[in-house]
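The data blocks that follow each hold one structure.
Look at the two complexes coming up: chain A is in both, with chain B in one and chain C in the other.
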Partner chain A sequence: MRSLEGKNDNSVILRTSGLTKQFGGLVAISGVELGVVRGTVTGIIGPNGSGKTTLFNTITGYVRPTKGKVFFDGEDITGLRPHEIVSRGIVRTFQVPQCCRELTVRENIRLACLRCYHARTIESKIDEFVRLTGLEGYYDSRAGNLPIGYLRLLEIAMAVATQPKIILLDEPFSGLTDVECQKTSELIKELSNTATLVLIDHKLKHLMPLVQTVTVLNQGTVFFQGKPADVSCSPDVQRIYIGGEIG
Partner chain B sequence: MAQGILLKVQDLRAGYGDAAVLLGLSLEAGVGEVLGIVGPNGAGKSTLLRCISGLLRVKDGSILYRGEEIRGVSCQERTRLGITLCLEGGKVLPEMNIEDNLLVGGYLRSKRERYDRISYIYTLFPRLRERRKQIAGTLSGGERQMVSLGRALMSKPTLLMLDEPSFGLAPLAKRAIYEGVRRINQEEDISVLLVEQDAALALEFAERGYAMENGRVAMEGRSYELLKSDLFKKVYLGV
Partner chain C sequence: MNIGGRRLHVSLLTKNKRWVLILGGLACVPLIIDNPYYLKTFTIFFVYSIFAMSWDLIGGYLGIVSFGHALFFGVAAYTTAILNVKLNWPPLLGFPFSIACSVLISLVVARPTIRLKGHYLALVTFAFPIITTNILYAFPNFFGADLGIPGLSPLSSSRTRDFYIVYSFVWVIFFLLRRMIHSDTGLILRAIQSNEVAAMNCGIDTASIKLKMFVLSGMLAGAAGFLYAHVIKIASPANLELHMSVEALVMCIIGGAGTLSGAILGAVVVTIVNELLRVIEQYRVLGYYVLVLIIVLFSPKGLTWYVDSAFTLLGKGKRRRSAVIRGEER
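So, the complex of A and B:
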């Protein structure tokens, strides 16, 4: 595992500089400085409305930042379209899974494979991603009929199918039971062997053991950054976010 | 405990196309009772709520509401009878502001009643009053959940069904939502069917619980009994 200290430019795979997004009079994020070290898992937590998803949206090109820059692998990717950003190797999942509801699990994954895999290998790749995410029983189920927990797995399968260098996961644990969260944790560990990961989630019990660093957002700005243990001990984080409750 | 039975579901069967989801499910809810419904993804919890609200056609079995069969009753008519469903994922009308979103939920009421109701909902969730003119699409997850719950309450329901009210909520926001639900339950004697993935949270809140598995009820009982049961802890809490 690489440490945060002594990082050079090459060790930071994703960096934001002064990233700011306003919606009319509402400042969603303001001056966010984030550095994600290659090969690590970073957690992003914070109250609802603190700007976590907006941060993902500005990094991945879903919204254009009002100010600031996003650098990936040393290149400025600010303002690129979402599909161009996927081509660079950044992929994300959504709080409310965004699959093609009319298509089956197999068809959704096939769609995601089209960018990176040749027609000859696609079917075996689909099998591989289905096995990875444990969706074997649902190959031919229409996505729109699946409960949200399976849609999350489908989204992860689709994300992996783009051969990403970094995966941004927006609330991978929400809508899952504790038992299902444990399985998803195993899956995330497996993903972390091949890609850098950034996780947003509120289920600290499941998030904290997976991450090496945590960034706490509050009211659109970086409120706290540190190791998981430091976050759990911080009275300020307790006050604005946890309110005395853990997990 | 309840003074009478409000809802009685018997041997309910339903699904989507060829996929059968509910395979003979029975449960009942008392007047003013809070029921927790837990279980893994795919157990049929949301499908059950869709059947009771009338969004999904039932294949077999019966749904008795205040002793009357409502299987053939339309969704709109069920709302008139006092049955309201608050869908999963804090669904709002994104182009409309908070207050207009709330007003939509009160279409059965007179203008006067609608505004009285909105005032009440603003006392439950003061944050909505502060932001009443804000466009719902720009709200945070917690605020959307408040709008969605507030909209469900606009019709003054007798039976409120909540599909994962804690979905995507930070600890403090989760508490605000649950405190709101608690207040409504106490002040208006509303029965609540609470579907949650977080079994511990649901059963701390509910008086009784049903644990679902593969379209049927696998365990039922008073919440504290379920939370003490080793089998329940192992299967539903993962401890």
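So, the complex of A and C:
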């Protein structure tokens, strides 16, 4: 929270306080304090099992936290159901893209548009989101037939279609080739103009240029918070990430 | 989509040509057949169609496999039987009450179970009719135990009129459901079956939609049960039996789950098979399930798939012919 000191409360769009989740004896996250500043891109990194995805799951209502609270726009949203959280303006994507495989690209995006757009504007909105994500050639392909890269784009298109204020992207680069990562990076840059973003990813090469703040999780707790440049220099982060200092 | 009255009319005729044909054909049945037995068989087929469609709505479109759909069917049958036989209410007055009872019971079943998945849900739906049957047997004086409650009055004064009443029930329900399935609600149903998490992540309250559909399905099954009781003039424990629940499932699977027309087609097959197998009464159940196995083995996608392919082929032929006439095809 150090980096947030001095800013007034209104600039923090999403805040967790003492967020803890235990699965039986396993503490997935414990006492996580996270503040996401409106209009920024925040990166969350950390070794496998450090609780990054659990953090997303507890924020978005897929998992109920054992302790702690989640505040969005000053409102307590702890324990709301996923669809209620989406309607508040928080949407997420998943490590394994969650689209309806039996439906076409158009139908998938239409599904995401249903809540926010009127029947008259919905078709033009679908076009808009398809163009945004570059899925023009795949309008009527079934989502189940798309390669992983396009499936991720479709999931992002669906997320944007719910008119979110903040988008949580869980490993948007995983499974993509370098060229695809490049394209996704550009898309994320474009998204950051309209929404606040939080990114989880292991591909630091692609993540770091996008973010303004980085939070490092380790064993379920916030290990480090700061600017991307500081993270790369921090010997502690290097130790937990690679098991030793570089050089 | 704002379609003008005339265009809607035209599209209704052209798009649903097949259905207009079948509808019209079936409407003529009482004019051709005056054997009361066959007329009753047709009426029972209609009742089965409603029952099968009610199962298809949640089984075929949402993937909620219910093994206890006969519960809603039976509860409505018993409600109208009690009102009609014991209190002498006319069927028309009993109708809203039997519908209300099946809605109530489906709410009782759905509320705690709808969040269960797959096998667990199937098992729970399986248990409810058994409990209810035991309740029926616990009060033999009131519910008539094995004999049930006989002596219901018919729906109307003549068999032909009964036929048309049940007939209109089928088509009103069929076209309303079809409309719903082809609307955005249908898209949501398919999405929930395909990937519930994705639907939730689009801001859709999937639990509430599933609950609503379950209750709607229970209500339609109740309508079928109400009609059935008045057509065969008895409400008996057989209405709630596993065989009855399985029949709904079998009709949908034979016809093709998740296609309303498949439910009706399945109802045709099941009714015909049931009637044909009367000749070998003691082997009826065996014959029935052997036939089901054969059909499922040879048409895993359901019979509508064959019908659809046949119509597509016919349509292609027609299009090619008209293209030849227009000189488009070399």
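Note that the second predicted complex is superposed on the first by the 236 of 247 C-alpha atoms of A that agree within 3 Å, B and C clash if a C-alpha of one lies under 4 Å from a C-alpha of the other, contacts with A are read in each partner's own complex, and residues count from 1 in each chain.
Heads up, the rule we're going with is that a residue touches a chain if its C-beta (ideal position, glycine included) is under 8 Å from a C-beta of that chain, and two chains touch if they have at least 3 such contacts.
Small disclaimer: the values here were computed from a predicted structure and weren't measured.
Using the overlay on chain A, decide if chain B and chain C clash or can fit next to each other.
Because the two structures are overlaid on the shared chain, the partners are seen to fit without clashing.
Touching A:Lys189, do we find chain B (first), chain C (second), both, or neither?
In the superposition, A:Lys189 touches no partner, neither chain B nor chain C.
Between chain B (first) and chain C (second), which does A:Arg131 come into contact with in this model arrangement: first, second, both, or neither?
Neither chain B nor chain C is touched by A:Arg131.
Applying the touch criterion given at the start, work out whether A:Pro147 contacts chain B, chain C, both or neither, answering first, second, both or neither.
first
I want to verify one number. Taking the Cα centroids, what angle sits at chain A between chain B and chain C, in steps of 10 degrees?
Taking the centre of chain A as apex, the angle works out to 80 degrees.
Contacts for A:Gln95 in the overlay, against chain B (first) and chain C (second): which applies, first, second, both or neither?
First partner only.
One more residue to check, A:Pro82. First (chain B), second (chain C), both or neither?
second
For A:Arg115, using the defined touch cut-off, is the partner it touches chain B, chain C, both, or neither? Pick first, second, both or neither.
In the superposition, A:Arg115 contacts chain C only.
In whole Å, how close do chain B and chain C get at the C-alpha level once superposed?
Superposed model gives a least chain B-chain C C-alpha distance of 14 Å.
Touching chain A in the complex: which residues of chain C?
Of all residues in chain C, those touching chain A are 1, 184, 187-188, 190-191, 193-195, 197-207.
Touching residues of chain A toward chain B in the complex: what are they?
Against chain B, the touching part of chain A is residues 23-24, 26, 45-50, 53, 95-96, 141-142, 145-150, 171, 174-182, 202, 241-243, 245.
Enumerate the contact residues on chain A facing chain C in the complex.
Those in contact with chain C are residues 62, 81-84, 86-87, 91-92, 94, 98-103, 107-108, 110-112, 114-116, 119, 158-159, 161-162.
For a test of understanding, state which residues of chain B touch chain A in their complex under the given definition.
On the chain B side, the touching residues are 16-17, 19, 38-42, 46, 88-89, 134, 138-143, 164, 167-175, 197-200, 235-239.
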